[in-house]
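Each of the two complexes below includes chain A, the first together with chain B, the second together with chain C.
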Partner chain A sequence: MSDTGDVIAARPSVGQRLENSIGPLLSLLVALAIALVAGGAIIIGYGESPAVVYGAILDFALTGDGPGYVLAIATPLIFSALAVAICFKAGMFNIGVEGQYLVAMVTATWAALNLGFLPGPAHVAVILLFAMIGGMIWAAVPGVLKVTTGAHEVVITIMMNGIAISFVNWAVNNPLKFTEAAAGTNVDLRSDRFPDTALIGDLGGLFGYRSAAKMSWLLILAIVVALIVWLLMKRLRLGYEARAVGSAPGSARAGGVSIGAVQIKLFLISGALAGFVGMQQLLADKGYLPGNYLAQLGFTGIAVAFLGQNNAIGIIFAAVLWGVLSRGESALQIRTDVPREFVIILQGILILAVVIVYQIAKRRLARRQLQRAGAEERALEAAAAVAAGTAATVSEPDNGTSDEANA
Partner chain B sequence: MPLTDLGAALGIALTYFTIIYLTGLGGLFSERSGIVNIGLEGLMIIGTVTGSWGTFFFTSSPEAGGMGWGMPWGPIMGLAVGAGCGALLAGVHALATITFRVDHIVSGVVINLVAVGLARFLSQIFFGQATQSDPGQPHLSTLDLPLLSDLPLGLGRAFSNLSPVVLVALLMVVPTTFALYRTRWGLRLRSCGENPDATRSLGVRVAPLRYQGVLLSGTLAGLSGAFLSVEVQYNWREGQTLGLGFISLAALILSNWSPIRLMGAAALFGFAQAIPLRLADAPVINLLPPQFIRMTPFVVTIIAIAGFVGKVRPPAAAGKAYEGGGAT
Partner chain C sequence: MMDDHGAGRESAPPLVVLEKITKRFPGVVANEAVDLELRAGEVHALIGENGAGKSTLMQVLYGIYPPDEGRILMGGNEVRVTSPRVAITHGIGMVHQHFVLVDTFSVTENVILGEEGGRILDVGAGHEEVANLARRYGFTVRPSAVVEDLSVGEQQRVEILKALYRGAELLILDEPTAVLTPGESKELFENLRLLREAGKSIVFISHKLDEVLEIADRITVLRRGRVVGETTPARSSKAKLAEMMVGRPVLFRLDKPEVEPGEPVLRVEHLLGEGKLNGISLEVRAGEIVGIAGVDGNGQSELSEALIGLRQPTAGSILLDGDELAGRPVQDIRNAGVAYIPQDRHEQGLVLDMSLWENVVLGRHDDPAFSGAFGVLFIKKIRDLAERLIRKFDVRARSIAVKAGTLSGGNQQKLILARELETDPKLLIAAQPTRGLDVGAIEFVWRQILEQKAAGRAVLLISAELDEIYALSDRILTMYEGRITGEYAPDAAPEDVGVGMVGGAIVEEAS
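And then the complex of A and B:
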């Protein structure tokens, strides 16, 4: 492990560590402030008070059954954000969580309907296993193609998403289509209902939340999985290798890391995690595969991963924050004149602000670390500054941001 | 197999061709300038909702709160509004990727996410409901292509009752090819996508050209979306783009970023869209579930990217933040 550890960097000092962790948190807070202010302007446009509207959102999320609803929304997002983050650590972008979880819902539904002879907990475990396998199969394609042919994973996963949508549509129309509906009754397109052994129990009841909130034991699984991912990334060999591949592939290869193997492993793990995304919907909420299933969870997971800045623990909090906002839609509808769609705008501004603020902060931090580095780097930077200075005088005489570009 | 079905299928294919080609051309301008744009779907979505609103607003009488420009200016303005709003949202992508140097994929994903919510929000403001506008909105009068629409055996149906926008899309290849390959601007735009350092060393500023490329992509994708809601379906509905932005991206890749080859790819994928709608009962095809036919654009593109049928090569500098020079 130590040889790959050297590849990345020497262990940072306490001060640097503090800076590394406070920086992202600070930029997140700045982004949140930007979103709230911009959202406030929209609220005022509707003739409402921002304090009242934001208060209603918080009230709905934190009081009564609110936390149950919030955590039920957060559960699948934790899984999908983790799936995105684990690839991101190695510099890969898994846009395909969306398709991976859709396929996983199909494999899991098959297991739920056909393996009912298994005793309760075993049945659920096998369903989850099938979900993981479904997600892994779908994730293996971009992973293997990237390593063997160099095909960019973003494009392949986008295509795999397109295929997955048609695949689920085919499955729910053909092999998985319901058989139980009596003749003459009009039932929305869906699969048969799962046997009770396939369902995941309610957890919210322990905290006094009503079962309609659908907060389930999957939340505990999500948190455990997040901790495992955190451990994997920070403490295990694969995590070091992943970060090495992501930050300095050349050095990683020189350090004896098989880049292709790491990339495929991470894609498979990512796919397995994506497999869990649809389970809240199938096993805790509906109890069948609906034809008009809840889509977009994979894409939302990307947003949550950004918010959590690809840190497994950060993702848990980011998913809860997203859940608080989403739950706020009901608050707006019931308590205010602002349309519920305002929340989606707020989430959109938030995520835009996060990526931009984080990017700026990252550059600032990198520049400061560069300045702090030894004389060798200082000489290098001086040379770069001279080069950029001359270039700037040639084409862009008055450019306030050119110093940032040299960071 | 009755040829009338084939004629009808070809007609539908032409409609889808228009959507895929316009959006694909948008992606082409952006990526040729060096900015990867996977937000095409989102740009189209904004085009659909704002195009629909623009049509209502400019057509309906002043008493009804509109401009009362009537026909055909109402729908034309609707298309223009869709294109303009697509460009506005693309401006966000440009700002993020060019000025703030956010990763192109990250920004594109965000554009797609934001667009879905923004469309609902705008729809709520425009139409008082979040997921659709009232049906039966005015559209441009259709036209028949001379000669082709008289083809026998029902094949003429493919070329009758076409939206004028279809013609625009079919002719678009000429100005696009000219602009990209025969003008100084086109050479510079392409050089930004291939080797921005070389561009800059010649005293040409990279960022403005990239802004133009991205804004053009938003204009064309927005126009494409507006065409879908204004000229094809006569109202806005949530999710009506049906992933066509991603299919356009697939066509763009398959075309190897060439406007002429993009016509072929868009025609192929457009026809694939029409098969389940009109030719599902045709021999051979009836053996395949329609969902499998809908997969074909994506499968074909994966095969092409993986290099099994010749290699596709994106612009060399596409997707890389350009660090040289200032942000402006």
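And then the complex of A and C:
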């Protein structure tokens, strides 16, 4: 045995860095593969060929106007997932994105209908501002109650969701109920149509997708907001404090971080982000506030945030993936005998697979990092000992044992 | 094979022989050709620094990891211990540092869990058996008590009973005293002596050398995965063991710098608060280290938390250079010049999930030097600070980008010291600053604390280790049940200080 036997050279850091960043992506792909295989078994159960069904889903998502539809579905989910993720980073579970965006749709509708005197872009900006404020008001309640009374945010936000649904119903029945004569009798309950200044322009046209796909400039806003959230988390004091609070609240507090202040701020930001969720529907798709609107984008956002592992950039990809699958519902109806609900099953399996694969990967990665760090620490320790000129005392007892062992 | 090893020593054949055990993890050799003999009726101490391979070796023996090379012999025959269940059938039991008990179950239910036998649970008979077992080895524990109501020491006894109930002849105790008060440790040692008399073989993993010298019959020292020597307490000493562990001489008594104490920096007056703050008054002067000795759980953590602002006192005052700190938020108190080494570096010190550079700035992240308008963090400056501090405080890590959780305990503590001392504080609160550290790291921490004194700072040292109190303090206060119960000179007899630690001499509060 040579003396250097226990000094292991550190691996190249480039490889490690690659491993750290590719790890989550790889586990997502593995999870997707597992979900597709399990889904394939179900498809066979329906007497269809998995290749045909998956082919149809991909075809619908990627060819023709497909990407336009997919991105239109992804747009609100990016906002929704970001709203969930930002609270999650600080160790809070905002189940209330659902209620927050519904309330925001009401406040935004008011601004759309009553502030039409503003010029186009300014009107849209003001509507978005009203949406943010609506979401923030609804998010402030659980945030403040959590910090001041310790009431759990999950319970409060679930209750606030119920109230929000009733609030939208009330609004669309009363102050915001349509007044247009043309609306007539055979029309679902809704608000008046918004003036053109309130609508967000089509973006899909630039790529040759037809306007029915409803891909709008909100997608650009979603991507910009995701980048801002990423910066907030990585580069700003608030994000730093939030991560510390989420990961080690005691150490954060001992480091002078006011946990309550951080939590309230994050809930407000989360609410503001939630405010954007309904805007695709309101300003790009319908152009009015529909009654009985139950798209459950807030809950889907939880799933997407999870798929994106609460990383702002990961969320963009996860939302697009979700969009591809959701768009696949139409493919199933038109091209196959598999019921459209299959997509929901597939999404469910995907989430389960991600839970399992990601946990396993995380544990393995953490263990490897720990072992590697241990080895490096020892190597550095040994190097320091040699540098300090204590090599003689180090080797002495070693010789003693090897003699003993040879005896 | 056993003849030449055991030559000239005891005639009892070894119960278990580990032969040339090698265990590698990716990038690490945790154990390299380790030989170890465990005999019935002896306490065998396994010592070494953190990461020396003690726990890995025992996990190989307990069937948690398969060895890459080498074999395990029991009674001369090779056995393959492929899982803890197999280990138990071979009479090997292990008590981990972190207990695995069902909190809401009774002692008996925990002990017989998994071994109930039959369909009908006869808890009454179980109580009887557990009581008998406990009596035989002098364990004071009530079989019907619910585990969550027990002290840590009692819970540990339940763990040992669990192993004995399963027929353990060999008991592996992984740093059993790390979680115990001195009193509880004494009681554990009594139990261990009875177990030894009953012919059990005990592996005692520790890096507390005084304890090892007190309880062990034989001592094996590991360093960097290899056995560097085997000895007995009679042939060894604390200094010799430490040198074997670390690979260089270690000083247990450092020279205290001569400093003329200056003006009082910290004055605590009649501090009252929830938990155990029952009217504490004390004073720490510049260039002075005041040590608070006491058994854990007598209000020390409440006191340190109140001083840094993590806990609101209900009455009394905390004056730093005459300014009132009581009731102010942590950030204010830190900004006023108080640095804090928490007793639990994971709970109140580091964010283990964050990188070293992110940890280095915690508590100073809103300093204009490190973050500016709109709360933008000056990452370059923070990283520069981290690079500098890691070199200055000799934190052994590959880069400042690794997560704090990947460092060893000693290096984590160095990181905290680096962060807290860099702020040039007026007062340093050091709560159990060397808890869980090995001898090399302890010496480093002690040197740093003495340097603070030499630099004219006030230091309040809170420690349950009397050795540490004596090694550093200029004045010793004892704390019991949330009160200061005595003041002693640094050369006072330990017996006298011990009286204060159990509340013996309540002194009138002098202001």
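Just so it is clear, the second predicted complex is superposed on the first by the 335 of 407 C-alpha atoms of A that agree within 3 Å, B and C clash if a C-alpha of one lies under 4 Å from a C-alpha of the other, contacts with A are read in each partner's own complex, and residues count from 1 in each chain.
Quick note on the criterion: contacts are C-beta pairs under 8 Å (C-beta built on N, C-alpha and C of every residue); 3 or more make two chains touch, one makes a residue touch a chain.
All values derive from a computational prediction rather than experimental measurement.
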(message) Tell me the contact category for A:339 with respect to chain B and chain C: first, second, both or neither.
(response) first
(message) Taking the superposition on A as described, I'd like to know which of chain B and chain C A:223 touches: first, second, both or neither.
(response) neither
(request) Figure out whether A:243 sits in contact with chain B (first) or chain C (second), or with both, or with neither. (result) second
(request) Considering only the touch criterion stated at the top, classify A:140 as touching first (chain B), second (chain C), both, or neither. (result) neither
(request) Figure out whether A:253 sits in contact with chain B (first) or chain C (second), or with both, or with neither. (result) second
(request) For A:300, select first, second, both or neither according to whether it touches chain B, chain C, the two together, or no partner. (result) first
(message) Just to be sure I follow: which residues of chain A are touched by chain B in one complex and then by chain C in the other one?
(response) 394, 400-401, 404-405
(request) Going by the contact rule at the top, pick out the chain B residues touching chain A in the complex. (result) 38, 92, 96, 100-102, 105-107, 109-110, 112-114, 116-118, 120-121, 123-125, 130, 200, 203, 205, 243, 246-247, 249-250, 253, 289, 291-292, 294-295, 297-299, 301-302, 305-307, 323-328
(request) Could you pull out which chain A residues touch chain C in their complex? (result) 1, 5-6, 8, 10-11, 13, 235-238, 240-241, 243-244, 247-248, 250-258, 368-378, 380-382, 384-385, 388, 390, 393-394, 397-398, 400-401, 404-405, 407
(message) Looking at the complex, which residues from chain C come into contact with chain A?
(response) 4, 25-29, 32-33, 35, 51, 221, 223-230, 243-244, 247-249, 308, 310, 329-331, 334, 340, 342, 344, 346-354, 358, 362-363, 365-366, 371, 374-377, 379, 394, 396-399, 402-403, 405-408, 411
(request) Can you check the complex and tell me which residues of chain A touch chain B? (result) 93, 95, 141, 145, 149-152, 154-156, 158-163, 165-167, 169-170, 173-174, 296, 299-300, 302-303, 306, 339-342, 344-345, 347-348, 351-352, 355-356, 359-360, 363, 391-392, 394-396, 399-402, 404-405
